[in-house]
Amino acid sequence: MDVFLRNGKGMLLAYDQGFEHGPSKDFNEKNIDPNYILDIAIKGGFTGVVLHKGIAERYYNGKVPLIVKLNGKSGLVQGEPLSTQVCSVETAVNLGAKGVGYTIYLGSANENVMLEEFGQIHDEAHNEGIPAIAWVYPRGGAVKNDEAPEIVSYAARVGLEIGADAVKIKYTGDSETFKWAVKAAGVSKVFMSGGPKAPTDESFLDQVRGAMNAGATGLAVGRNVWQHEEPLKIAASLQDIIFNGRDIAKPVQSPVATG
Amino acid sequence: MDVFLRNGKGMLLAYDQGFEHGPSKDFNEKNIDPNYILDIAIKGGFTGVVLHKGIAERYYNGKVPLIVKLNGKSGLVQGEPLSTQVCSVETAVNLGAKGVGYTIYLGSANENVMLEEFGQIHDEAHNEGIPAIAWVYPRGGAVKNDEAPEIVSYAARVGLEIGADAVKIKYTGDSETFKWAVKAAGVSKVFMSGGPKAPTDESFLDQVRGAMNAGATGLAVGRNVWQHEEPLKIAASLQDIIFNGRDIAKPVQSPVATG
Amino acid sequence: MDVFLRNGKGMLLAYDQGFEHGPSKDFNEKNIDPNYILDIAIKGGFTGVVLHKGIAERYYNGKVPLIVKLNGKSGLVQGEPLSTQVCSVETAVNLGAKGVGYTIYLGSANENVMLEEFGQIHDEAHNEGIPAIAWVYPRGGAVKNDEAPEIVSYAARVGLEIGADAVKIKYTGDSETFKWAVKAAGVSKVFMSGGPKAPTDESFLDQVRGAMNAGATGLAVGRNVWQHEEPLKIAASLQDIIFNGRDIAKPVQSPVATG
Amino acid sequence: MDVFLRNGKGMLLAYDQGFEHGPSKDFNEKNIDPNYILDIAIKGGFTGVVLHKGIAERYYNGKVPLIVKLNGKSGLVQGEPLSTQVCSVETAVNLGAKGVGYTIYLGSANENVMLEEFGQIHDEAHNEGIPAIAWVYPRGGAVKNDEAPEIVSYAARVGLEIGADAVKIKYTGDSETFKWAVKAAGVSKVFMSGGPKAPTDESFLDQVRGAMNAGATGLAVGRNVWQHEEPLKIAASLQDIIFNGRDIAKPVQSPVATG
Amino acid sequence: MDVFLRNGKGMLLAYDQGFEHGPSKDFNEKNIDPNYILDIAIKGGFTGVVLHKGIAERYYNGKVPLIVKLNGKSGLVQGEPLSTQVCSVETAVNLGAKGVGYTIYLGSANENVMLEEFGQIHDEAHNEGIPAIAWVYPRGGAVKNDEAPEIVSYAARVGLEIGADAVKIKYTGDSETFKWAVKAAGVSKVFMSGGPKAPTDESFLDQVRGAMNAGATGLAVGRNVWQHEEPLKIAASLQDIIFNGRDIAKPVQSPVATG
């Protein structure tokens, strides 16, 4: 994961929403263009950018380390979620990826398909010498509240158990409960998922402060940056929190030791 | 895709309807014969022809660049649509294909099967040095209106995200909203799907003008040509619009830049 | 297909009913014995015999060209029909097959499994230099009447589209509508399916005359021959119609040209 | 199959009930021990013993020819039965198997999975030079009475059609209808399935006499022997019937000729 | 299995609960840390430790023989249980595993997937020269009480039939009925599953005494040790029972002989 970290912290720019949510839900005339996002990634000081195969293949310019998302589904489908591989590890590496990402809908009736596929991807990625990052999103009829602390920490823990080098999880709402999730993740690096655009900058930055305070390694963010009127301004604030620890109280308890 | 373009624009003659809809729904005594269609493809100035394996194998004459459709389903089946591979990329190439096509029913409960299969086809096609073209048709219980702008642009965007060299999508009904779909497709070339026979020539030509005005690369058309009384006459009108830009107002906004 | 034709016409003896319908439904003390059928195949002047692997392996004597049926299902199962491979192309060839047969239940919710499997079989058979013959039977909840002309011609057309060297379809009831099915099949040879024992010889022979008049290549028949009191007598009548064109008015329109 | 026959007849001791039914349903303190069964197999004059992989691997002593059962399911599962491979042909051969067995639940909504898997096993077994034996048990919602003559003979026939060297089927209740099943099986050897413990020895022996009279090759028996108070006594009676034809009237009609 | 035994008995420390149940259900601030567990494994005299791939890869220190659990599912999913492979045998061996574990939900509508997968794992593990251990847990709509003697003994028996070197099963509640389960398992070593934290130490130790008295090889325990206030104290008591036979009456009947 070191390639995606600066001083042990990371700030990833995610741009898979065109696939997952569709352009009309999340994009405007500017951020619909991948070049706009890649420009933000560079100028905003991001340590990684997350793209699907088709965008990586034809827009990626090599300037910010690349994570290729290996699976995806449309937001149209209902029922128990299932997202399977649309890109191989080998192809991702050929596109210049320094890491691969994969979403697991934990709690879905189809979770076993994704857990199994991640297992194989993990082996392949490590054979290529790159990290395998798990987006672990509890979802499906069995999951009532995917931001509940016990659900978020479950996601984090499964990331550890299946060997994810990093796990991307939702924020629990407060730093204290997020600490438990970070602890559950053990040596797997925790990236807070940025989620939909927050009502105010400050409310979003507060979440990030809470996550960092809880021991997170960093943030994987999309909409809160590239839907922002001034993406570089919010990116600067994020850098200040993530890399400089600005306004983050010391964690009340250090994260679990590594083996 | 260059092999299917003339001056950067393309006009593809599609003839997979015998499989998808059946002969009694779409054919008459003339157009039921593949030779009739191939003759139109040549004389009508088409830049590509789309055939299934069995017709390509036994009728194709090499005169117009060939796209082999790799999957297909009958129009009889109900429920969440699923169309899987009936022809391999290797076989298509052996039949003389210069490109392959594959239909993805986005929003179907089975979309993951098709997204995954396209991912593999895409790799194989690129290894063979030919383009992989996605017919992206939102369909299934979750899709209420497959011509709604936000649905068509979603289809276009997924084409980009999965690496389709070109994406075939329905027309949204007006040029302004189709522009958004073209923008969503980014560097993936957009081909408007001809659809069922329009009530009048002019109403169909207007759609094509709207699509071209919106920045489309071209048209993939079947019934509106080979169900026409005078196929070469309508083909000539289409050429005039697509290649010469006849009666197309300049797009109000240029399509997204490429990477 | 030439190995199964005499003067361009064919008469195949089908004997897969023990698997598809069971012995108590279709067999008597004589025709339950595969040797009885093989004897009819030779003496009745058949140009091919259709057997499953287990019978081909242990009864086939090499005297009439062999088609091995590669899939099969019992008549007990209800619901959307699904029949998958019980014999590989390689094994069929080792058993002496000069052609392979495969049933596709078009319109079944499972049609994609069979269409995909046929695609692979087709490639393998052609690599072995033998024809792949499709039994295309529209069936399942979406199919109300599998003898309706638009349904039979759909079956014929799919045979063409997927590359079947020959397609076995039901009779539509009259020569005029069967002509449309033959036309839909294009260069794929059409074999009329014999179906259950007709009430009288003449009513069955009339169907065969109608199919041949419509341009069919021939007949694939089982029960109407080997359930007959005098199989060789009915076989002689069939030969007279199929190979000599006895009592067949000239088709009103010649079948589609080949590429 | 010769390795499992003595003078053309066979008597197989089946011991897969621990897997299929569970120990509490079928076993007592003695017959729960595989060594007890292997001892009976030897001393009882059996021509073959049927075991699952785990018992074959650790108890089998090489003294009676071994058939390894390749699939299995628990008796707990409800719904349409499905039993898939738990042991490969290669592993079975390494364990000393001289034959392999596989259960097909004919009529199950899942029958195609088992028919397909048997097809592959059959090829592999014959490549290894050993017979593939099919347990064909009609079962599932579509099967009302699995001892009805038309159902049992259907099972026998499918055994023939798929190439089973031998087929194990239930008894129909009388010799006359079982003859039809034997005839349906053609050259596939027929083994009557012993079934649950009969109320009296004589009632069980009568079934065996009926099956042998009908032309069966032999018996595959478990519970009626190893649940018996005196297994070797009942085994002696069975030998007398099966190998010496004691009290078996000559079949009224000889079984079908072989090819 | 010898590597996991001391004087023929074994005491395994299981730590897959973070995956199976989630951290909030089973963990506290101490036992959420894998290092805490590994420390107990060493100091508590355990003969083996059970971990998932991700924890084995990054925490395992080689001091206690390792079993890698090859499949896993979250406790969130409802319906018929299905747990498939998240780690290959090869990867487990590379992580230092001296044995592999796999859970089979016997009685689940999906049991065949797991039985089949175990069959392959078993072959691979034996090729690597390490044991394959089956966690056999009857579960699903068809299983009313998974601690009923006839259900537990069924689980044990299936372990034997599929070749498990050891089988982990629940306690039946008393030594007498557990003896039947041990007998059913034959030469497969039986490990009692520790289960949730018992109300008192003594009630738990009584279960262990009962299992050992019944002929079990040992115990696979997690929560009753690492949720304990004094893990090393309870571990010492367990060692005394398991290895020294403290307070265990001699089994009333010796376990079944081996082949």
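Labels for the chains are A, B, C, D and E, by order of writing; each one numbers its residues from 1.
We take it that contacts are C-beta pairs under 8 Å (C-beta built on N, C-alpha and C of every residue); 3 or more make two chains touch, one makes a residue touch a chain.
This one's a predicted model, so the numbers in the text were calculated from it and none came from an experiment.
The fewest steps needed to get from subunit D to subunit E, moving only between touching chains, is 1. The angle needed to superpose subunit B on subunit C by their Cα atoms is 70 degrees, rounded to the nearest 5. Centroids built from CA atoms put subunit B at 35 Å from subunit A. Centre-to-centre separation between subunit B and subunit D, using Cα means, comes to 57 Å. Residues of subunit A found to touch two or more other chains are absent. Note for the complex: subunit A touches subunit E at residues 106-109, 111-113, 115-116, 118-120, 122-123, 138, 140-143, 149-151, 153-154, 156-164, 180, 183-184, 186-188, 253, 256-259.
Per the touch definition, subunit E reaches subunit A in the complex via residues 16, 18-19, 22-25, 27, 29, 32-35, 38, 52-55, 57-61, 72-74, 76-79, 82-88, 91.
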